[in-house]
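A, B and C label the chains in the order they appear, each numbered from 1.
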Amino acid sequence: MISLLIRDLKLAFRAGGGFGLGLAFFLIVTVLVPFGVGPNSVLLSKIAPGILWLGALLACLLSLDRILALDWEDGSLDLLATSPLPLEGVVTIKSLAHWLTTGLPLTLAAPLFGLLLSLPEGGYLWLVLSLMVGTPALSVIGTFGAALTVGIKRGGLLLSLLVLPLYVPTLIFGAELARRGAEGLATTTPLLMLAGITFGVIALLPFASALVLRVNLR
Amino acid sequence: MGSIWEYANPVKFSRTAGVVLPWVSVFATVALIVGLVWGFFFTPDDYRQGSTVKIIYLHVPAALMAINVWFMMLVTSLVWLVRRHHVSALAAKGAAPVGIVMTLIALVTGAIWGQPMWGTWWAWDPRLTSFLILFLFYLGYMALWEAIDNPDTAADLTAVLCIVGSVFAVLSRYAVNFWNQGLHQGASLSLDKEENVADVFSTPLYVCIAGFVLLFIALVFLRTRTEIHKRRAKALLARERLG
Amino acid sequence: MILSVQDLTITRGGIPVLEGLNFALEPGRALVLRGPNGVGKTTLLRTVAGLQPPLEGRVDCPPETIAYAAHSDGLKAMLSVTENLRFWADVFGQKDISAAISAFDLEALADRMAGTLSAGQKRRLGLARLLVTGRPIWVLDEPTVSLDTASVQMFAEAVRAHLKGGGSALIATHIDLGLEEADVFDVGPFRAKPRAAQAGAFDEGFL
């Protein structure tokens, strides 16, 4: 298990591994938003939590099809499926590797981008906390989408279409948590809901992902 | 003999569909004509909403069907995963386009109704938003069916998507409720509420709902039978190629 | 570690391709599958490896004894030869990869990135992976593709050593490997006949 995680991380950091792509995309979104809505810092600080969450979500979406497609193309998935590792474990490790290379860097970089959008001072902690709690759910749900579409050539767009509605609850509670934090409102309910979603999908969704992956390998 | 699973046999299903279909179609047409004509022309105007209220005869049945069609797909998907009856998977496939059209009717009639009532075509109200999300679920479900060549693989994957999607649809409903309290009035019909729509309005509404349900049954029978025939044609062609 | 197959019917895309297959593979023996292209050899091997379920019949073997190798080797271009082997050895809980490296003459390439290898060298690395699985039953699909004569000899040698050590191998190939322990099994006669719809069967329309 650990060796699979190490391999995936190595591959992500080596040339062509796609690490940093998500961060660059996140940067693009945050830089383009003020050009689109105007430089008014009152407006920007009001929408900053939502924009940052949306940017992180889209950056995450961008890299989903790499989670399993590469291993599918070179035959590694067939070999992993016949190895002693349970497929549920394989997809969990894949989600974890995706989060470590996408969700975690996005979370750590978010305060910097918050600065660009004049996020209110009290909002930084909540922004980082909400992304830290919420982005693992994005990776796990994304892995399920990737497992569904792994056998489809150029399945990237379909993957986005399938994952989009599944991301709605996470986005709503995550962005709401960051917004309420920034505005100094009560944050307990969205925090609990967000954590509930994250723990729920981590506990249950890998079984569905492994099931559809097995179907796709037939 | 006499078990319900007998109808999971494609040939038996097709034969039964052939017998039932004309009757269901006739009843559906009659119920829809009676319900809609009654609703549109023989009910009084509402004292607040005027004649715009009459769109309820399309809006409410369509909205009910939009949710219940997904529920039916959930049940048939589970049946497919547990008992591997092809008819069940194909019924889910056949129902999805009907469901998405119902969702669309509910959204469009809602917008037309909302414009004079709330002064806006669209608002990010929890109910409206939930239906938009439901629409996306239908879209993804149908797209996945289309994208996969092998019919058994497609049936398995869409079935799992339907089940996972159902859980997330319920989650979304709560999330959206939390996110915005909304303009939409409460349910028009419910069994335990004192304040329902008045009887003059509700009787034709029940007829319309019956009409929509029958229409749905007829369409699903028809579409499932078509899917069975398509499947069979495909199997025959594949066998021919095999020599 | 006997692999036995009983009354097996396998399907491709939901259509039966081979039916009524019966064979057994004892330790120390190899079975070479023959048959024209498209007859279903790959499907048979995938079914034996447990990647797809059979339509009828059964595949009996102790769990976690099969090492499967197919057309694509599962190599990562951005990992070195050693890293690739090391990874699979870790996955299968094995320690030593030096035997695998020397058996396929990969010492000189050990630190090269797998992406820079030629097709034949990649294949050798893919086959070396079998040695680090430590599993007794090899299920191989066209293992000699893109190998030169010397490498084919190297591979035959590796198979021979594996059989001597009590292992067994099920191989789909058209090349004569010169293995005296090998039996040939022609799957051609087991082609599935089109089935008449069985009255009363649940899904008679589809098969």
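Definition applied: a residue touches a chain if its C-beta (ideal position, glycine included) is under 8 Å from a C-beta of that chain, and two chains touch if they have at least 3 such contacts.
In UniProt terms, the chains line up like this: A = Heme exporter protein B; B = Heme exporter protein C; C = Heme exporter protein A.
Because the structure is a prediction, the values reported are computed rather than measured.
Q: Determine, using the mean of C-alpha atoms as each chain's centre, which chain is farthest from chain C.
A: B
Q: Which pair, A-C or B-C, has more C-beta contacts?
A: Greater number of contacting C-beta pairs: A-C.
Q: How many angstrom lie between the centres of chain A and chain B, each centre taken as the mean Cα position?
A: Each chain reduced to its C-alpha mean, chain A and chain B end up 32 Å apart.
Q: Based only on mean CA positions, could you tell me how far chain A sits from chain C in angstrom?
A: 37
Q: From the C-alpha centre of chain B to that of chain C, how far is it in Å?
A: 48
Q: Residues of chain A that contact two or more other chains, please.
A: 218
Q: Please give the residue numbers of chain C that touch chain A in the complex, ascending.
A: 49-53, 64, 66-76, 78-79, 83, 86-88, 90-93, 129, 133
Q: Report the residues of chain B in contact with chain A in the complex, numbered from low to high.
A: Counting only chain B, the residues touching chain A are 133, 136-137, 139-140, 143-144, 147-148, 153, 156-157, 160-161, 163-165, 168-169, 171-172, 174-176, 178-179.
Q: Show which residues of chain A lie in contact with chain C when the two form their complex.
A: Those in contact with chain C are residues 2-4, 7, 10-11, 14-17, 71, 73-76, 78-85, 217-218.
Q: Flag every residue of chain A that touches chain B in the complex, lowest number first.
A: 144, 148-149, 151-152, 155, 158, 161-162, 164-166, 168-169, 172-173, 176, 189-190, 193, 197, 205, 208, 211-212, 215-216, 218
Q: Applying the document's contact rule, which stretches of chain B touch chain C when the two form their complex?
A: It comes out as residues 5, 8-11, 85-86, 149-152, 228, 231-232, 235, 238-239, 242.
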